[in-house]
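Once you scroll down, you'll see the structures, which are given as structure tokens.
Two complexes follow with chain A in common, the first pairing it with chain B and the second with chain C.
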Partner chain A sequence: MSGFILRRLLAMIPTLLIISVIVFILIQLPPGDIISATLASLQQQGMEVSTEQIAALRAQYNLDDPMVVQYLRWITHFVQGDLGYSIKYQQPVNTLIWDRLGYTVLIAVASLLFTWALAIPIGIYSAVRQYGFGDYFFTVVGLLGLAIPNFMLALILMYCGYSWFGVSVGGLFSPELAEAPWSSAKFMDLLKHIWIPMIVIGTAGTASIMRVMRANLLDELSKPYVVTARAKGVRPLKLIMKYPVRIAINPFISTIGWLLPTLISGEAIVSIVLNLPTTGPLLLQALLSQDMYLAGSFIMLLSILTVLGMLLSDILLAALDPRIRYE
Partner chain B sequence: MSQEQILSINNLTVEFGSELGTQTALHGISFVMQRGRTTAIVGESGSGKSVTAYSTLRLIEAPGRITAGEILFRPTGLPVFDILALRPDSDALYNLRGNQIAMIFQEPMTALSPVHTIGNQVMEAILTHRPVGKAEAFMQATDMLRRVGINNAAERMHQYPFEFSGGMRQRVVIAMALVCQPELLICDEPTTALDVTIQAEILALIRDLKDEFNSSVLFITHDLGVVAQIADDVVVMHQGRILESGSVRQVLKSPLHPYTRGLLGAMPGLPGLQPRRHDKARRLATVNDSQGTTDFGQHPLISLNDGRRVALPQAKIDEALKP
Partner chain C sequence: MRQGVRTTTASTSAVVNCCHFTMVALGLLASFGTTAAEIDPASWPAAWHQPMATASELGLTHFQQAPMLAEQVAAGTLPPLQQRLPTDPVVLQPINNIGQYGGTARIFRSDWDKLNNLEGPLTVDPSAAKILPNVIERWEYSDNNQVLTLHIREGLKWSDGSAVTAADFIFYHQHVTLNTELNPITAPQWVGSQITAIDDLSFRYEFPQPFPLLINIMAQIGDYMLAPSAFMQQFHPAFVDRTQLLASIYAQGYVSWMSYFNAILFWTRNSQPLAPTLRPYQMVERTPIAEYYSRNPYYWKVDPEGNQLPYIDKIRAEVIDNADVMAAKASTGQVDFAAFEMKTQDFPLFKLGEKTAGIKVLVWHRIHGSDVIIMPNLTIDDSRLRTLFRDRRFRRALSVAINRDEMNSVIYFGRGTPRQATVIPTSRFYAQEFAQAFAQYDPAQANSWLDEMGLIDVDGDGLRNFADGEALTITLEYIDFETPKNISLELVVSYWRAVGIDLRLKEVDQALQYNRATGNLMQMTAWHADRSTDILFPWQPQWYVPMHIGWEEAHWNSWSIYYLSGGARGEQPPAEIIQLQDWWQELTRSAEPARVTELGRNILRSSAENVWTIGTVGLAPQPVIVSGRLHNVPAQGYWGWDNRWTMAYHPATWYLTQ
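Entry: the complex of A and B
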């Protein structure tokens, strides 16, 4: 087992190197760079910038070096933990990024747990009571959840929260606690705020997971080993949880790795609407203003998370299903 | 129901609803099983033999439905009761399944859960029905595995089904069924999925364990060769009806019903021993060749003096009985 994990970790290195090259090329692909983007917006405001100033800026940020050199500089610093310098925000990327990444992972995990806690029991119920009233009811509700755009749901929840309870529900913290150091009060405040993004982001995935769980379980329910267990005299609830659910749940474990990137990118619009301090809005800004080190380091970190998520899925799946070998 | 009868099925009717209307799988069949004997139900696919077996444990699921009849069961030393009258969630029904009546299935490859150890699944039968702890259940399960011929039983308890061959898996399924020492063992084509040498071993094993545990066996099969090896009594089924029943000697040696003769004629045997055929003498006869689409179903069963029953008009029976 430990050998398997070690091999997988080693195999991640070339994967991530290739990703880093692609990321860097993609960021450089649009014409222009951060300087020309800034310049354009300055000129729009009627300001004059001399060519010497521009050349000095370009030299300061080494923007005139060949792309390979720029890439090598970036990636060698990256592996040493220096994620570069954001020209737009005039701050090291390190100071910008970590809080937001933390909150993003927090919200992603919370939404994932919310989705599963809701979708898997409903999926089980729908399969066991196939074509019953509850099955149809939850299917309709689930598809509604899938059809309503996330930002719309966010706006509705914000409106309801504000007009019915008089609380502002944007952000992750109340304004007076946002900059405060961590304390139990701040933690409680976080819990008070996190449920809205959790529900908003979670509902989108609920419908599909519900339906997949239902279909998986229906498949398993008619398998001979279920009849064997019934003939043994095992009670229905225990039987369903022990045998078919145990097997029907495997595909979810194996797709945790894919869920991370969708959860992270799926929350960008919601984060803007709800004013969340997560990675989505910052990444969008970085890409719009061609702030290459910020955007590149960001995408690299998300890629690392994704690859780690895949590894996590594989380890969990191997632990759950004895037929999967490590070799 | 006499003391010697362990199971008496009366007028059992099972229907399956579908979009095209209701299909009747069993048209009110009746037969009795004698205690300590092996009764075989033979018939083609769709004759209702598995439905009969599943009904006995109330395992028929929607869209299937038991619409009429009774299944009287008499465990040793206990009063007789009607299995079909038990409430679906009653303790009596769950005590029946796996404890008083156990079942062995056709497909050893899929009858075991792939993600649970053999030990877990065999122990589950004990833990469900006996007030014993895990250690004791482990002992009993290991012992049972040993008795069905699995070597290194204690180690193999921790293995998964995919680490067993087909024949070994069927032994595990048999161990699982017998571990609570049921009075009645239902075998639903237990050797159909196995190759012939393994078949013989499994049949011998079932026969030995039946004697050892003093159980009665209801054996479902389409293979008359297997019937000859294992059964004491035979029930011949066709399209949800019983056409003939009697001792294995009566039914196989001197079948009265033309369908039973057709079944016997469709058995592969040595060349020359085959019944004469009117065409293409090299091909094996099928039941259809000899019987066509004759409808056998409409005559009530008539009991003969020698104990056998046959669904034919009296005149035809007399004719068939003539030497």
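Entry: the complex of A and C
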């Protein structure tokens, strides 16, 4: 087991190295750079910036160095935990990301729990009562959830939240509580706001998990061991939960690792519409303005989390399913 | 078909119809009638047009402070009010009534400086036509206009209680403006300049050439001329040990001392240290959700009853990335003031909010001479297009082919002024004929000029061809921001198509706009004609004179480059263009008011006759959204960069009720 983990960890190094090179090149491919984009926002405010100043700024941020030099500078700092400096926000990248990480994790976990709590029981129910009214009903609802774009659902829920419950539009807190220290009132306020992103981000995932769960379980239900167990008089609930569900749930364990990167990529569009202080909008802004250290470090973090997540999935799967062997 | 004329294509007419539909819907909003875009100066207090009065002039001897500060004084954490106010505080007249203290104003981040506006050396009047004293109390130019002597108001203090002295201006000039690390390229106005202290409160700037326009710059971007020197010196390597400074800066993740210095001075950090200020509010901290500001206990202006301003205790400026969410929040009364990100096309939504959420929708006017101007590139490499664009008849024809009245009613609800790009009516350089030259809708005239030029539709597709029969297609590249460019240009496409000109629109990325405009690669682009007041027009007449290169203009970049590089690069302009540049040069150095006016008018007359750029609708309506609890916000104002949006309307006198 530990040999397996060690081998996998070593294999990650070349993978991440290649990713880092590709990321760095991709960010720099579009015409222009962060300076022209920063300039855009300065001039939008009416500030005067001359061509010479732009050249000087570029030199100050070492943007004139050959790409290899820029890459090496970035990656050596990165491995030491210094994610670089955001030219757009005029702040160290570490500060920017850590500031927003807490809320991102909170929303990601909340919507994940929401998804699973809803999707798995419904999936089981749909499989057991295949072609029953409930199955059709949940299928229709689930597919609707899958089909409606997230931002649309977000807008509708925001409207409902405001006009029916008086919940302020956007954000995680009411303005009067946002700066207050944590208290029970602030916690209640958070609960009043967090259900919108939770539902919006959760519904899209719900439908697919529901359908996968249903399909997997249906495969198992017709297998001989189930028929045998049923013939032997095992109670239906115990029978289903103890054997077929355990097998049907494997695909979710194997994708649990994918959740790690979404913890920080967040749901960028939903976050922008709902004005959530998560990392998603930050990543989007970084990419739009070609803020290369912010964007590059962000994507590297995502890649590391993805690779780690895959490993985690494999370990979990092996632990839960005795049929799987280490190779 | 000799006159290649077709009404509109399916796609463009769909746009137009859709706009008409909006218009019909809007017709129902009876309270939103049409009025002229020009503002009666009498709508603002007379005191705002004059240098601000002081307490002694008004006989004020007793001063009061906000309860929030009185508590701190009682607790001994703040000196008493008398020690904080200057010797003779400045008195600001609120537009309606004396306000009350307290409250936290809720705004969006982009409006932070609209409520907490700069306190520069000088300031401007509400019509954006006159320069008034502010931090600087008096100034004199030498006879040759090369030396400007300035006197600082006595007893002013920064928000940390330190005194404002000539050293603050000298520090900024010598260690920021002329520091080659902070500013590798010296801004043109400061090249060869010197600054000398006369005493604690007086100093002078000296220039190698006459520079009467410096006071314009001091009024408009004067926040870039002084800094709390005592505080900022501890972050500047000229005053502290560079090695130690850098060690502490790198440890905090900053890449250079310059980035750290700027972050402190311009408040881009999240927390202390942040530079003290002269503004009404001091920044406290920034989180990913919002920025927080708190009143400056040393603010140096009072109301006519002696109450220290500002009235409002705190500002919470929420950080929102999405313009639609901002419009939704503003229209439902969830912010107290919103304007910078508010769009003209959302007026119907805001008017709805007036009924349902108790907000007030004020209509200010954008200070742009034209909200969207179209620039044919007179120095484009393509020789056929160049010949075409340089033919004055072509530009005039394109101009009169535009139905500006319809644009005004479709896009601006009739609240703008159909006009060419020229200065606004409050300017000393303004003449009505400049605004109206070739701005009347006359497609027949346009057709006859185009026919005369030999642009005939030979293939019968309804669109004119070059004289040799080649298809004539013009591509206009633009970015859609700040003003309603997209919809304006869609309309222009349909108007030009009606006279047989095939215009294709191409929305580009911001970085691409920059590279292609400055690289002289665009056939045509569009922008908004800002800098159309007496404050900035004399200094930056970039729409009317080739004297500047930037991403916003692409109508004669090769000439501008030639001018700026002293003939080393670019292309030599024709005599009439050199004449424009000469006029402008003389304008920036002349102190003779009559001559200055004459030179400015020469430049604008040339623009009117030659239609260097094609204007559409100017002085466009800007929605300014005010919640039911915010008071003393003027019902009318000029909105733009020239007067720093709200600077002349004294946001320190605005107040909140519960």
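Points worth noting:
Everything that follows uses one rule, which is that the second predicted complex is superposed on the first by the 285 of 327 C-alpha atoms of A that agree within 3 Å, B and C clash if a C-alpha of one lies under 4 Å from a C-alpha of the other, contacts with A are read in each partner's own complex, and residues count from 1 in each chain.
Everything below uses one rule, namely that a residue touches a chain if its C-beta (ideal position, glycine included) is under 8 Å from a C-beta of that chain, and two chains touch if they have at least 3 such contacts.
Because the structure is predicted, anything quoted here is derived from the model rather than measured.
When the two complexes are overlaid on their common chain A, residue A:I247 makes contact with chain B while staying clear of chain C.
By the touch criterion defined above, A:M12 reaches neither chain B nor chain C. Touch criterion met: A:Y85 reaches chain C, while chain B stays clear of it.
Counted by residues of chain A touched, the larger count belongs to C, out of chain B and chain C. Once the two complexes are overlaid on the shared chain, A:L190 sits clear of chain B and of chain C alike. In the superposition on chain A, A:D99 contacts chain C only, with no contact to chain B.
Looking at the shared chain after the overlay, A:A229 reaches chain B, while chain C stays out of its contact range.
By the touch criterion given at the top, residues 30-33, 36-37, 39-40, 43-46, 48-53, 55-57, 59-61, 82, 85, 89-95, 99-100, 103, 158, 162, 168-173, 175, 178-179, 272-275, 277, 281, 285, 290 of chain A touch chain C in their complex. For chain A in complex with chain B, the touching residues are 223-225, 227-235, 242-243, 246-247, 320-323. The residues of chain B lying in touch with chain A in their complex are 57, 59, 94-99, 102-103, 105-107, 110-117, 124-125, 128-129, 160, 162, 173, 176. Looking at the complex, you find that chain C touches chain A at residues 106, 183-185, 187-188, 252-256, 258-259, 262-263, 268-270, 287-290, 292, 316, 318-322, 324-325, 328-329, 332, 334, 481-482, 509-515, 518, 530, 540, 549-552, 640-641.
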